[in-house]
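Naming follows writing order (A, B, C, D, E and F), and every chain is counted from residue 1.
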């Protein structure tokens, strides 16, 4: 069953990569003890999702959706791009805030290791 | 102990995700719904309806202006959030505040030690980068790029300069008294332009379609681009400053 | 050709991601992460999304990394 | 052996005379009803509705008049006697309860229906507790506790029976016609009979429900013992008469045949209690068993379901009341004047207490059935009645009872008169009847009444005539 | 004949206003007393003013608010409710007087809380009595729980707090069951309003929500849930645990729990369940009441046996309540007119007798600090009036004629016979005897044991209500045929309930 | 008179732009706040209050129009559906919007004095900014009819919420905020992933359009994944058991006014998300929504029981309240998933009512902490004597959340329980009752400690009532807890058609 699934997946190899990235990120978020490491994992997850959305909007041999002389259809769908631009900002904002919190946590508790923090409680 | 379990679960999750994604339209197929439904109209009529060659900009500023408004708000929120979290808590007799522990040796070493070469290069390239950013911002509706991308570049430049030249310089570049106004620049621009659109077309964030008004439409878009660019840059830079201040 | 490039790029991204996760030194991880951003930037370009690529370059490879570095500067670079 | 008191002067409470006067008036009133009763009138008064259909109702029928006419004088006697007998302790309570118990007893007698009977009967029983416990000695308390337990259980049984009757036929008034009829079903009728008989049987000291009697009588103060034995126990018997003749009716009872079970029980009671009485050394206890035995006569008479027997039963109620009152009064005098409770200690007491022992002897002879005293009359009527109903076997029981009565009463007389006193026990004791007028007079009056009831038994207005009028409607 | 009339609300409002005034200005002794007494009398006046009309067949209605559509707070004065309200408002007067005397020594703060919450409790009781629907009943039922709690823990000792907790857990649990029942009824019947012959009677045949006819199982569930829910407050046997513990409260509170409000509210709730929610006809078909009757029997006998074992006077009182309140349930579950009369009537009979006893227990405690039965030797000579009243109440419970208890016993037995269930008659008799077994020793001790120690004079503020309540016990037992007096109200109420069946 | 009033109302409500104004007001107000602070710092609280007040006024014509005309849309930019972003004011949006608009002014009024003490001075302007952003984001989230726009507003709400948790500067709070952020970010990602999948499947982002196109698809796994990702994502946001871990600490350690907003309103964003998910997948036959419902209803029930269960054992007042939020979220989700008309009605009502009640409770608790600095029941014992009004409000709120009729809390539970029966699942009616009982247990603990214990702490003995500007909102809200319960027939009648419509769409 598994090989069949992989066969079926071949045209969607991009999606497979996205899934792998997503899981790597999630792994870091769950398993890693260091808050910054968790945050890095989160960022990887985010990029995975972005990659998924952009990939879904891509078209075989398509040009960027910028019209102009010599630009011929098919064009990649502009909508996912716009979404991802927003997504990137959201990711940036989340990361910045998370880092701010991490700094504060470090200043207050002297550590950013999750298990040590748990013990502090 | 914990790790194998997590890995096993993640593999299961991955399989589930793969199974689901296998059903999605194959990558790159031109007849996928992504291309035939909403996007098709953007591609076919986007230029005519918005006057933007760059359809991404058309989507960002015209079709889905609300999203972009939200986006700048997110950035603004992040900044305020950063301030709210980071600004000193000790004043005002907050009894919950605990004195930070003495800095540890490993952490005391500044991580970003700027070498003279880098410093020189940054200073040398700064005007060109700024120019490039301005181009990206202003021509965003015509070519790849746009207010946001340009703003990010501008912000990155600002950060680089601050790192290289120190905070005094950043204060000159971005006067403290202006900052609160600049934070509000991008969202406020959306409000203003949106209201103008409301006046002109009867819709918030509407753009006049009549040929006679194309100039106005372009002006509105460019205004937004600039506001997003400058505002975005300021927000990003301020985020950096906020984090860095401690 | 395009297929191949795609595959190599994806493999590279996965490798870098793994490296980010595995790196003990946070500073190293952050720097590698910046490389990850650049890789993504390439991917976006390849997917016909220059706008996104530009933003990713500035944000993913630039601003985010710098912010990470600042934080690591406060908290120390070693993961315990 | 209790130390006899040195005859302290009991200060008057002040209200004794008015109470006596009041009681006298009540007696007069009750006697005034006799002519009407002889004429067969039975006026009704409704008092109060307790629950829907459940009225408190008075019906002054000849049976009730007979009962009241017989028992009310005992109150007067007891009152007078009490003046001399009751000390100052709890005296107010004593008189209060004693006076309250009179109207309640009247209520029992005149109860117009079962509910009313129950209500007054219960109240009277509960109230009596205070009299039983009056002396508040440990024995008195124990006896009172036993008494109240018996009474409450009995009362509950009556309640059940009364409700059953009420449920089946409603709150009917006592009348010549019985309330129940065979159509109600054997189960209900049995339940009613058993509960009511058991309930009233407790009070009527029906063997084996007599357990409280031998304890309560000795414990109670003598004047109340007299009332207890003469009246309260009799209310039980009175209740049984009401039940058998007015609730069930003779015919129904014959049909049902319940009485074949009751008669032997009563007969056993007569004999066994008499035997037990003979074995008691405590005088009041002996008298108490005697009461059980005599009440057995009455129950037996009722259970045999003969007209003449019923007359005899009624007659015996009143005669026994008078005689037993005399005996208890005497017992009280013995106690108060000589400090004597036990028969064995009475040796020679007749010399010191001549009047007392004279009265005692008179009443004892009456109780045995020596003519022409009251006891003879009632026993004669009973004997005739037994023969009339064709159950001569029970005649033997009556006779046996009388013989046994002689066996337990005559020794007392004998000892008091003829046995030499043990002198040293008497030293320093002022045993005399002087100053005992308040107690002696009612004793003698009661003794006199025993004679009168026997001698003038057939006079109109006296119990025999009244009883004949009272029972005549039932046949 | 239904008439819209604000008086039910007024009666409730008087108590509420009293509570507010006491809370606001109650620190001043005079005001506190004035408000409490004034409100008690005024409310009694209002409630009694409803009586003539209600006896003439009028039903007063007042709908206050509907929050979920079709479900709301409304008041409806039928005779059964009015009877309960009369009992509680009469007792309120006595309890208030008594409490004024009893609480004299306490701190102002405690007194304010006491009188304030007491008024709230009485308000809740009127709300229960006059509830137009099950929801209103439930609301006030819970209000009662909540407002009683501060009274139970009045002394704030660890024991009191523990008892309070127990009380809350029990009653809230019961409240939860009632709530569940409420939901089930609403679902099954589509309405919660009383005043028709059985809310569920219609639903039993045709569910309004298209659910088809209600099965016996569903109805059984509803019955069980509601009866157990109300049974907690009514202290039905396995659910009675809170009642003895709550005895730590001051005496007027015990009076409230046992006589004026709480236990009665539970019993009244069950009456509503039987007569208004299920209706006689439906229940007659379903035979659920058989189980309820046996539950009551268990309580009656078990409560008595437990009471017998108690050495603390108030605890004995408490267990005897367990026994005596179940008379109501037993009577109600017999489902015949006579039993209905007594089910309603016993609300008053038990109330007045029990409150007398509690008042006496409180007066004894107040005067001499004695709480155990074996300490009561000779107290009858020191407090003759009080103990006489106590004896009257005890005799009433035993079932001595002319007292209120006799009436109960008489009618329950009659009802049992009408219901062809003679064993319940036997149970009543046994229960009466058991009452004797545990009350008479108390009386006996009080009168026939030598006096020990001294007793302070309880004063007329305490003695007055005691005597008045004892007098009421006699009054209740002897005034059956007087129009407008309690028995006539109860029997008229029962008649109305059965008249609906006949139609 | 009445006619004139009606006319003027309809005229007012006819202005088509109220809907956009509704979100622009608080967001614009927030954006300008830091600048205003630079100009005149004393004005900031009043400014925030003004903005909130205007927002509250704005919602009125919208509600009026909704009640009279039914749901309506607003198209920013004038782009026809599905090409632009659509804002849509339906009954569920109205519920959350009304809750937000109604609760914002009291919370902000309360904040003026409260935050001055609870929040470090330098952070104050950002406190107000973030509050306004949060409320504005919630409004936007409520009224948007576009999947991605929903995500964006969700991010505004989430980011501001994370920061608000930490704004008081307590070390615990910062840690809690980070935990909250991590969970929130993952849930956001899941939602974004689902949006991406749906977009890839349908090519559209407009909810109605997507919902219309989904039934035609033959991709069960992808649809399941999208639905699952949305559900898990929103469940995380709503803190449904077993994804509730982040909530108690975050809500309890935040400043009082923030806790009120977080517990009362922000978790409702997750609920609205669940509602929208239902609406999206309503017509999909491939996906057995009944199964999803079955899972959710059990999770809801578990939330009800576990939330209460945990709350019973808490000592910290605010932690207790926070756990009770989990319980109440459980009620709402359970009611929703039971999918019978009355249960849905109840869930919708409870969404609003819980917001009101929980705000009352948290504000009152905040006021206690403001005066005494104490947090545990043990320390706060006897406070009812020194702060009677405040504690009365808290007690009233407690009664309401237990669900004592006729308070606001009762109505929702009532209909949920009825709805459980209507759905033929009486077990869940039992859960409702059981939950109410458990709730009663721990709220009784609170009341017990406040009123019936002798005070021990000096701070308690010397406490006074809080200033009027704090007390007034608390009292007002407490009275509303009662009033809304009494007037519950209005929202019920208002919501019935919406529920009916939704169920029609499903069947």
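Here is the rule we go by: contacts are C-beta pairs under 8 Å (C-beta built on N, C-alpha and C of every residue); 3 or more make two chains touch, one makes a residue touch a chain.
What you are looking at is a predicted structure, and each value in this text was computed from that prediction instead of being measured.
Taken together, chain C and chain F share the touching chains A, B. With centres taken as mean CA coordinates, the chain nearest to the overall protein centre is E. With centres set at the average Cα position, the gap from chain B to chain E is 72 Å.
Put simply, the C-alpha centre of chain B and that of chain D have 115 angstrom between them. Per-chain CA centroids place chain A at a distance of 68 Å from chain E. Chain geometry summary: the mean Cα position of chain B and that of chain C are 18 Å apart. Contact of a single residue of chain F with at least two other chains is seen at positions 148, 152, 155, 159, 162-163, 166, 171, 174, 177, 199-200, 205. The residues of chain B that reach two or more other chains are 17, 19, 21-22, 24-25, 32, 34-35, 38-39, 42, 54, 56, 64, 67, 70-71, 74, 77-78, 81-82, 85, 98, 104, 107, 144, 148-149, 236, 239, 243, 246, listed in rising order. Residues of chain D in contact with at least two other chains: none. Remark: the chains found to touch one another pair up as A-B, A-C, A-F, B-C, B-F, D-E, E-F. On the chain D side of its complex with chain E, the touching residues are 48-52, 54, 118-120, 122-123, 126, 133, 136, 141, 145, 148-149, 152-153, 156-157, 159-160, 163-164, 166-167, 191. Across the interface of their complex, chain D is touched by residues 338, 341, 395, 398-402, 406-407, 409-411, 413-414, 417-418, 422, 425-426, 429-430, 432-433, 436, 440, 444, 448, 477-478, 480-481, 487, 491 of chain E. Interface residues of chain A facing chain C in the complex, by the touch rule stated above, are 13-14, 17, 20-21, 24-25, 27-28, 32-34, 36-37, 39-41, 43-44, 47, 50-51, 54-55, 57-59, 62-66, 75-76, 80-81, 84-85, 88-89, 91-92, 95-96, 99, 102-103, 106-107, 111-113, 116. Here chain B touches chain C in the complex through residues 54, 56-57, 104, 106-107, 110-112, 136, 144-146, 148-149, 152-153, 155-156, 159, 163, 236, 239-240, 243-244, 246, going by the rule given at the top. Those residues of chain F that touch chain E in the shared complex are 385, 399, 404-406, 410-411, 414-415, 417-418, 420-422, 426, 429-430, 432-434, 436-437, 440-441, 444, 448, 451-454, 485-489, 492-493.
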